[in-house]
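As written, the chains take the letters A, B, C, D, E, F, G, H, I and J, and residue 1 is the first residue of each chain.
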Amino acid sequence: MDRLEAGAAVEIARQKSGVSWPDLADLLCRSLVWTTSALLGQQPLTLEQAQLVGDKLGLDAEVVDALTLPPVRGARAVDTSEPVVYRLQEMVQVYGPALQRLIAEEFGDGIMSAIDFELEFERKQDPKGDRVVLTLNGKFLPYRVW
Amino acid sequence: MDRLEAGAAVEIARQKSGVSWPDLADLLCRSLVWTTSALLGQQPLTLEQAQLVGDKLGLDAEVVDALTLPPVRGARAVDTSEPVVYRLQEMVQVYGPALQRLIAEEFGDGIMSAIDFELEFERKQDPKGDRVVLTLNGKFLPYRVW
Amino acid sequence: MDRLEAGAAVEIARQKSGVSWPDLADLLCRSLVWTTSALLGQQPLTLEQAQLVGDKLGLDAEVVDALTLPPVRGARAVDTSEPVVYRLQEMVQVYGPALQRLIAEEFGDGIMSAIDFELEFERKQDPKGDRVVLTLNGKFLPYRVW
Amino acid sequence: MDRLEAGAAVEIARQKSGVSWPDLADLLCRSLVWTTSALLGQQPLTLEQAQLVGDKLGLDAEVVDALTLPPVRGARAVDTSEPVVYRLQEMVQVYGPALQRLIAEEFGDGIMSAIDFELEFERKQDPKGDRVVLTLNGKFLPYRVW
Amino acid sequence: MDRLEAGAAVEIARQKSGVSWPDLADLLCRSLVWTTSALLGQQPLTLEQAQLVGDKLGLDAEVVDALTLPPVRGARAVDTSEPVVYRLQEMVQVYGPALQRLIAEEFGDGIMSAIDFELEFERKQDPKGDRVVLTLNGKFLPYRVW
Amino acid sequence: MDRLEAGAAVEIARQKSGVSWPDLADLLCRSLVWTTSALLGQQPLTLEQAQLVGDKLGLDAEVVDALTLPPVRGARAVDTSEPVVYRLQEMVQVYGPALQRLIAEEFGDGIMSAIDFELEFERKQDPKGDRVVLTLNGKFLPYRVW
Amino acid sequence: MDRLEAGAAVEIARQKSGVSWPDLADLLCRSLVWTTSALLGQQPLTLEQAQLVGDKLGLDAEVVDALTLPPVRGARAVDTSEPVVYRLQEMVQVYGPALQRLIAEEFGDGIMSAIDFELEFERKQDPKGDRVVLTLNGKFLPYRVW
Amino acid sequence: MDRLEAGAAVEIARQKSGVSWPDLADLLCRSLVWTTSALLGQQPLTLEQAQLVGDKLGLDAEVVDALTLPPVRGARAVDTSEPVVYRLQEMVQVYGPALQRLIAEEFGDGIMSAIDFELEFERKQDPKGDRVVLTLNGKFLPYRVW
Amino acid sequence: MDRLEAGAAVEIARQKSGVSWPDLADLLCRSLVWTTSALLGQQPLTLEQAQLVGDKLGLDAEVVDALTLPPVRGARAVDTSEPVVYRLQEMVQVYGPALQRLIAEEFGDGIMSAIDFELEFERKQDPKGDRVVLTLNGKFLPYRVW
Amino acid sequence: MDRLEAGAAVEIARQKSGVSWPDLADLLCRSLVWTTSALLGQQPLTLEQAQLVGDKLGLDAEVVDALTLPPVRGARAVDTSEPVVYRLQEMVQVYGPALQRLIAEEFGDGIMSAIDFELEFERKQDPKGDRVVLTLNGKFLPYRVW
């Protein structure tokens, strides 16, 4: 059983047991996005964290072990043509050039880190239809000149 | 002269004249991200908007005309391997699965729109190094069942 | 057993039992296209819906469970080089530019939604050979300006 | 000047002159979708048709000549990542499997033609937001057995 | 067991039993190319046809059942870099432009159908080395103008 | 001017002058398919052949010179997604496996040559709609064993 | 067990038993390259040849049977990014244009066959480091003109 | 003018002047393959070498200058789908696995260099049709262990 | 069990037993990078080396055997979109052109070998955050002129 | 003139004038690799820096201006199949997995930065053939947990 299969097992157990992602975030004392990402396989988990989740969801020992394998963060972790993910992909395509220039003007030559990075997920009530609000927060890293 | 070439011409004129992206946003009474995206070629501009920018930056009539061409929003608008853009791409790859599940749990079967969508760019002061904060705000759209 | 395998199991059971797709649509009180798409794996099903279909077709409990997994809507759900699907693909290629301009002229800057979307399938009698008629009905979504 | 460049010239002249796509369809006594598709370069035009359009829009002789070149219907005619076109692409991805099975059940082994094919574009009023309605009408072609 | 695996099973049984492809074509009262294509998985077979072949070759019931699954005609059915198939691929590449123009001149705007299509395979004796002769026979389909 | 541009110039001159592809084949005393293929750029032409065609069509000296450049037979010579060419591509996909096995059974281990190869194009009258008949004739080449 | 798996089984048995590739070539009375290529899966083997090798290496009957399956010569037979193979790939890239012109000048319009083809592998002693010498010997095949 | 365009200019001048590739190899006192490869753009030339060739072929100063630019050895230097080059590509595909194993057995862990490498081109008379013989001679380089 | 699966087994056993990569390098008397690379599957191991590691980590005989299979060095050995590996990939992209010119100027026409190559991994203390230092050391190989 | 064309102009002027890359590094008081990378187009230059280089090499004002355009760091900046660059690419492929694990063991969950990054190029004398030594020095960045 690899890390992504462990993530699938978590999801099935979670749906059957009625435990929500926020419940699991509380259990691990981590944010909602980090916790979900970790349990699906994109962040590392300690044996203690895996055990806590395993007890809560009634997971097999094999799944708990697999949750402690190294995270899977390459392209095979996600199908970018899945409709929800594709809209994010399209956002990169449509707004990427503007963000690239704005960072250069405001901060200078460098990037917004995807490592020293936080991502918050919120629901915003709106009478015309509720909205998904994602806040991406990454450290600016200047290119080194030597 | 196509729309992307007009965007390049804006950028060169802007750098030479010392007009900032926020100056241009003020001129058009639009947000910073929308304005930058529009002038680079990813949003439509009216002839009045193009003329305002043309006067401010001293653009040739040919550039002003080209700014009113339809927007270019396909994959050729951006090189996703450019380092700044790639970090956003990696964010989609690493956090896409978590966001897909969180939207499904919180909102039900549907997507976060990339059309009824706003994107805010901010600099956040931080003693360990300032941070780039992007706020993505898209309407939730439920899949229709019929 | 994943969602696509459950779809394959439905199809085999359906062929053996002589139950048609319209029979299944009637059973679920949904349209023909939505029902077929859902049972093949591209729309979500509740446990009740899955159970109804399972009873009708005599499916194993494992298949019924798998029918309640999240839908699979990414590129791996379909082989676009399959001849029937390819003709739709070619339609997008040949008529895509015209549709893009017509939507822009008639509705303004925006898209036809693939989420708030219905698709109807009909057979139209014709003495020169019957015809397949597909009606695509999607909400216009204007690009947000902010 | 190739056929796609002639299509771009038509579009610019059309916008400047305020002639709509329906006006051009009336001029050629053809449907709206066929006319738009033809003038953008995906259908053949006779010299008479090209001349009619040229007179209406005040096109150069070079553009009129180029409009009579063979149509361009391959993949380079369209950028499938353009947001409007991509939603059609996603429709093929999400509903392709269902359509493939429904055609097989209703008509037998064969395809829906993309050649003996009509496409109608309509705006449908809706209080929750107007809708784009596309009607695809293609002859069923059975696979030959020999 | 899927349709392609059934095709592989037919081929092994055929080689062991010494039954030739023409023998099987005679059994099914179909042409040589259609029969071979159908048994490898690219054309549909009725249960009666599958049973006839199963009796002749001593196939397991599982293989006979799998032969009645829908045909597999997408890109995964063939490796176009296989040397025999590649020469056909190269023929399309080298002679495709000429055939496209010749069809346009002789028949008008349209295509040669790959659905209402027959393919004959023959060996032609030649003192300098025998030759493979393939006759492709497809209905001309004119593009619809509406 | 490269070889493909010379081919485009031939085609335009041919359409304007009303000279057909068979006329040009007669002029060069070659078959219809070879002649068309050569003038579009996929076969070599001698200076004498290029001059004959140049005189007939009134081509510039530059075009005549370019017609004697080496042939262009790689993938860039053709867009395999063009609808006429794609049907040939689909034929390779659907019938490639059958042809590969039939050649192996009838001739032994080897290929049908795409070099020692002829291709004939014919129109076949048919009351249900005329048909395109292509005859591919290639020498069998056995794999060498050493 | 498919043909490539049979090749892997041969290699493991060969390494354990200490039988070299030249030993196997002697056993089959074939050249070293042909024998290695055949046992890895790229050339056909008769049952007698497979049996001879099976006896020598102590292969299971299943492996011997699989060695008689049709050869696998498509792109999946080799990973061209493997460092040894890649150097050959780079040779094609760097010297391909020169070889294409030299064949055209010396032999006329045609190709060097990869079917009526032999390949010899030799070690050449050299005080500065021994060298690998590959001799590729293929029949020239002229393009047919008709 | 870049290096590949200079190569094209050499070839045209060479054909018009009747100077053969062996003549040019003699002029530069280099082998036939190296000389052809260098003049087409894949090897570096000194100004003296470029001048010698320029005098012989009557090249413009601009071409002579461009011949001294750095060599172009990446993938864009060659179209591997060109039929002559493709046969070499297919040789890599079909014989690559065997060569990889034979080098490992005979020399140990390492590669055949494509840099310390020579390639000889010869015509071999044969009553059944002359043959192209290519001799590839590359230094064996052992992987370093540290 | 193939070579990459053996590498995965080593890693799991190593984590459970608390044996570090430097411990294993000491055991094999090889450098840290070579040892890690070899145990993950990219370098060959003798039976003695595999046995030493197997004893230390308590590996099954099957894993020890699999560790002696040929190394896997092609593209499938690594996912270049994994974030750690991607930064190296980006370094090649951003600094590749400069390194190509600097090698040409300093050494002449040739390459830095990836075969006669060593790679050292070090941690460098730094008050602003420790640094990873990689030293790549490859023999210069001049292109042969002949 | 874009940034990459300016880089090509620098290189030609540099070769003609006999100015070396180290000379230019001294002129800009920057390291050799950074300077070369910047002048080829992968790092930003101030107008002062561009002017200094322009004076030294006698560049046109247009080139000097173009040197101040934003850097080009995406995939189009380099052809990874160029033989010198490819060896670095192969290094990533062969040693990427080992480096990924070693960083994780030594530093914890994170990456080696390609932004806060230095690269040193050196020639190391060696009696068996001089060596290229590249020292890559990047800050370790830990993944943020929140």
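By definition in this document, contacts are C-beta pairs under 8 Å (C-beta built on N, C-alpha and C of every residue); 3 or more make two chains touch, one makes a residue touch a chain.
Since this is a predicted model, take the numbers as computed values, not measurements.
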> On Cα atoms, by how many degrees is subunit F rotated relative to subunit J, nearest 5?
Replying inline: 145
>> What's the farthest chain from subunit G if centres are computed as the mean of the Cα atoms?
In response: B
> How many angstrom between the C-alpha centroids of subunit J and subunit E?
Replying inline: 54
>> Measuring centre to centre with CA averages, how many angstrom lie between subunit E and subunit F?
In response: 23
> Between subunit E and subunit G, what's the gap in Å when you average each chain's C-alpha atoms?
Replying inline: 29
> Can you list the residues of subunit D that touch 2 or more other chains?
Replying inline: 73-75, 80-83, 90, 93-94, 104, 111, 113-115, 117, 141
>> For this structure, enumerate the chain pairs that meet the touch criterion.
In response: A-B, A-C, A-D, A-I, A-J, B-C, B-D, B-I, B-J, C-D, C-E, C-F, D-E, D-F, E-F, E-G, E-H, F-G, F-H, G-H, G-I, G-J, H-I, H-J, I-J
>> Show me the residue ranges of subunit B that touch subunit C in the complex, using the header's touch definition.
In response: 30-31, 34, 43-44, 70-71, 104, 109-111, 113, 115-118, 141-146
> In their complex, what parts of subunit F are in touch with subunit C?
Replying inline: 81, 83, 86, 90, 93-94
> Okay, in this complex, where on subunit C does subunit E touch?
Replying inline: 12, 79-83
>> For a test of understanding, state which residues of subunit F touch subunit H in their complex under the given definition.
In response: 69, 73-76, 114-115
>> Give the list of subunit I residues in touch with subunit J in this complex.
In response: 7, 11, 20-21, 32-33, 36-37, 40-42, 73-75, 77-78, 80, 82-85, 87-107, 111-114, 117, 119, 121, 123-124, 126, 128-141
